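Letters A, B, C and D mark the chains as written, and numbering starts fresh at 1 in each.
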Amino acid sequence: MRKIINKPEAMVDEMLEGILAAHSDQLACAQDDLRCIITSRPKPGKVALATGGGSGHLPLFLGYVGDGLLDGCSVGSVFQSPGADQMFAVTKAIDQGAGVLYIFGNYGGDVMNFDMAAEMADMEGIRVEQVIGTDDVASGVRGQEAKRRGVAGIFFVYKVAGACAAAGGSLEEVKAVAEKANRQARTMGVALSPCTIPEAGRPTFEIAEGGMEIGMGIHGEPGIRKGELREADAIVDEMLDPILEDLPFQGGDEVAVLVNGLGSTPREELYVMYRRVHDVLAARKIGVYHVYAGEFATSMEMAGASISLLKLDDELKNYLSQPASTPFFSQPQLGK
Amino acid sequence: MRKIINKPEAMVDEMLEGILAAHSDQLACAQDDLRCIITSRPKPGKVALATGGGSGHLPLFLGYVGDGLLDGCSVGSVFQSPGADQMFAVTKAIDQGAGVLYIFGNYGGDVMNFDMAAEMADMEGIRVEQVIGTDDVASGVRGQEAKRRGVAGIFFVYKVAGACAAAGGSLEEVKAVAEKANRQARTMGVALSPCTIPEAGRPTFEIAEGGMEIGMGIHGEPGIRKGELREADAIVDEMLDPILEDLPFQGGDEVAVLVNGLGSTPREELYVMYRRVHDVLAARKIGVYHVYAGEFATSMEMAGASISLLKLDDELKNYLSQPASTPFFSQPQLGK
Amino acid sequence: MARITAEELRAIFAALSEIMEENKQYLVALDSAVGDGDLGLTMSQGFRSAAEFVDSMDETDVGIILARAGMTIASKAPSTMGTLMGTGFMKGGRAVQGRDFLGLDELTGFLEAFLEGIMERGRCRPGEKTVVDALQPALEALKAAGGQGLPLTEALDRAYEAAAAGLEKTKDMVAQHGRPAYYGEGSRGKEDPGAAVGVFLIKGLRQGLSA
Amino acid sequence: MARITAEELRAIFAALSEIMEENKQYLVALDSAVGDGDLGLTMSQGFRSAAEFVDSMDETDVGIILARAGMTIASKAPSTMGTLMGTGFMKGGRAVQGRDFLGLDELTGFLEAFLEGIMERGRCRPGEKTVVDALQPALEALKAAGGQGLPLTEALDRAYEAAAAGLEKTKDMVAQHGRPAYYGEGSRGKEDPGAAVGVFLIKGLRQGLSA
């Protein structure tokens, strides 16, 4: 295990201590619980946005708490859902009276715990709505989109919902925008190596050296094809085809692209991939409004990448272009 | 080799094509040479800043070309200096009549080629000055700072020089600020794994599984101690001690901290490290003005990290806090 | 005739904690085959905390004890089964709130609400290869035993057999929920890890009662 | 008596290109021991480009040919030795600009400027385990041969021997520059890769001349 950590079981809490120490001007925790991260700059009257999920995916999930994005995040152990009581603590801490929108990935534990937290919030008179990220094309057939897992494309949902809330949108408006973004986002991943949960001490799944798995999930969930590692262009084609067919994305559409590194794949390679994405989209007459490339949703030191497309309309484009700033992600106003 | 690339020898150019395609609103290339990256938003009359260096270190070097930072960057093959003619082409393209400052790391090939480029520029009447990054404490003894290599701390030099130039500083002023930042920056690294140059196809140096090398350079240059991987706190202590003693940093000082991932070390671990940095600095009564944590200077998929400290005064603090925005790095005004 | 008061609940949770501890590796192995392998860890931790909590509680209302134990499990074992077990105890407990003891009828009511809570929370039905496929037959067995006027201990013996048979049947099913569902057809032939926890739950209820 | 005109320069660069190609693996091996292992690749590529360029050039001024060849090497082989060789040819070429040929005196002047250019660019001196430690003895040998009135070919034979001896002596030195310097004392006992290129340079000059 090549990790710079102390005791494996202390990793998540020590990481949170480090994050809070480093960014005390922007982040705090609710109820003195490290695993309940909230913004230290709440905006009175704003619809509050909460997410949550297991650790090991930075900047997911807590990395998107900040100006123009989310207000709180409950943090689980590595690859484990946070508890409902933590989600509820975050909910109470961030609610400004305008209601709270939960945005989280479609994983059993998270879904159930957020449900439970919503019930608790309801009992205290806090209005809560939910939008569940389901962008991973590899994790479910067309027509059953609601069963799909949420992966890197949830960034788009956070971004537009965050901007809508910052602009004064109501809970219903923010929810509608988030739902639209989720409906119009599609992602496909490829993994080249496994990753190691610190407490386990060894990889919990296998990918042969020199192999790859198309469509593998960010916890090592089985993908749709295992095989020998191929050239970048061929990999991108294999990832893009199902994305483009699924929505479908068509000539004349305008999209935002996210090329996401899963952990140990360098940015050099992400741009080799984007080069192909660009060519394929151009050939199909799909316009590219903005490109994000880097690590947005990781699996610790997993090698691999994902490609996400978000189909834009004027509303989504406007919200995507608004500035945002967290300790992990910062964007100026786009198009200036 | 776990890389998402096409032909290894095409990697650098294809990466550049991807970068230019993705960020055509912010970046362009000079003389139709992909390896001469320049900002597409030049500021008339401003002192121009150029850097350059081998590929494989993204966001170094070209990732710092953008608003509030640098104006141009010549790009070499993986771990190789760019050619003097490329440096010169960048110089000509970015000069706004106010002169050009070269800021680059202290590596033989880079030093000689930038020297040569400066001579070429001189022959064309372009004023050029140089500041060479030498922040790596592990690469040379005290008293011979000028012999040290430049590593992640060069980010600080870019940042304050970029802000000074953006504020209208003269070539002499910008150079003086850059020199001050370099004089007051110190870095120490630790490597946990080697990395593979695509064309070589296998690691060009070794680190035993379960081992680490304190002070190793970003191309695998020998460090100051090899040993078994220890706990994060012990590693941080071993890195921080020589940094703190070198300048030295003292009680009452105020610093900016950069915890930099070398490639495959996840951000989770960088924050476990920062937690210890924070405690050590607090115990020594050294104040922390701002913390950067993430990938700022990498060695492709190398596992490991570096810690950089910059001793601040009012001038450096002001320039550090100014907003900046490139495709790879974005920062709002700090302290707002 | 046996009945379940606060005292029996302490014994029941002690038994559950012990059973989960003893079977930690077994549950880890089941969960490793089709999931993330944490089931033994989360269950032993969750039920240990619940047992400690129940032991420390000065309360005679068995409904409240059960519901509070459920909240403890949910917060100490945030994995899927932790949430489901937590939900089950909370809903089941609320269904029998206000009582000092449970006889067979009340226990049946408890398990019915427990099961409904899980199905609602998990958005699942019988036959989808989950913990439900152990608990639902157990509930049927309790109902049948009630109809026959059997004593509580014997009813729980039958419920345990029914749960174990239900677990066996999960081998023929294809997982529809949670991590096991990622394996699709590949989950066939294997027992559902959560259903094994369901069997242990009934076993613990029985074991906490004397004779 | 032999002298070096544009025609000889074509032969010299062809010889240099061939020598670097033949010794590619040898240079890679030397550089791998104390550096990044690219020296064979950069030198064969740089001198191949220079040879092609010189071949295509319609120029009789040997100084200009040499300087331009240097620019080609510098831009096609951007590693340290590429830059140093490029600098050497540029400075050396400029020193003999305006001539149609080089005799021994002019060649000595060329090599002197070549060496000075390298020392200036590399901020280095003899004895620091670099290419300089092959070229400096070669220059001395040329000077001595000039004093003795030896013909150009024989002078170059001696220069070659001196360079080879200089290379051998680099084994006793500790590297002060470039990647080999990272190894400090660990570089002792090994030949300097750049000095080996210096030897090949003299060899190529000699080989391009008939007899």
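Operating definition for what follows: a residue touches a chain if its C-beta (ideal position, glycine included) is under 8 Å from a C-beta of that chain, and two chains touch if they have at least 3 such contacts.
In this text the structure is predicted, and so the values were computed from the model without any measurement.
**Q** How many steps does it take, at the fewest, to get from chain B to chain C if each step moves to a chain that touches the one before?
**A** Contact-graph shortest path, chain B to chain C, evaluates to 2.
**Q** Using the touch definition from the top, what's the fewest steps needed to get from chain C to chain D?
**A** Minimum number of steps from chain C to chain D: 3.
**Q** Just curious, how far off is chain D from chain B if you go by their C-alpha centres, in Å?
**A** Taking the mean C-alpha position of each chain, the two centres sit 34 Å apart.
**Q** Distance-wise, how many Å sit between the C-alpha centres of chain A and chain B, to the nearest whole number?
**A** 28
**Q** Using mean CA coordinates as chain centres, what's the gap between chain A and chain D in Å?
**A** That gives a centre separation of 57 Å.
**Q** Could you pull out the residues of chain B that touch at least 2 other chains?
**A** Touching at least two other chains: none.
**Q** Quick check of your reading of the touch definition: is the inter-chain graph here a line, ring, star, complete or other?
**A** Contact map by chain: line.
**Q** For this structure, enumerate the chain pairs that meet the touch criterion.
**A** The complete list of chain pairs in contact reads A-B, A-C, B-D.
**Q** Per the contact definition, I'd like the list of chain C residues that touch chain A in the complex.
**A** For this pair, the touching residues of chain C are 32, 36-38, 71, 74-76, 78-80, 83-84, 86-87, 121-122, 177-179, 182-183, 186.
**Q** Which of the residues in chain B end up touching chain D in this complex?
**A** For chain B paired with chain D, touching residues are 76-77, 79-86, 108-109, 112-113, 115-116, 139, 200, 204, 217, 219, 221-222.
**Q** Show me the residue ranges of chain A that touch chain B in the complex, using the header's touch definition.
**A** Counting only chain A, the residues touching chain B are 1-7, 11-12, 14-19, 21-23, 25, 55-56, 58-59, 63, 190, 192-193, 209-210, 229, 231-233, 235, 257, 263-275, 278, 291, 293-295, 298, 300-301, 303-305, 323, 325, 327-328, 330-332, 335.
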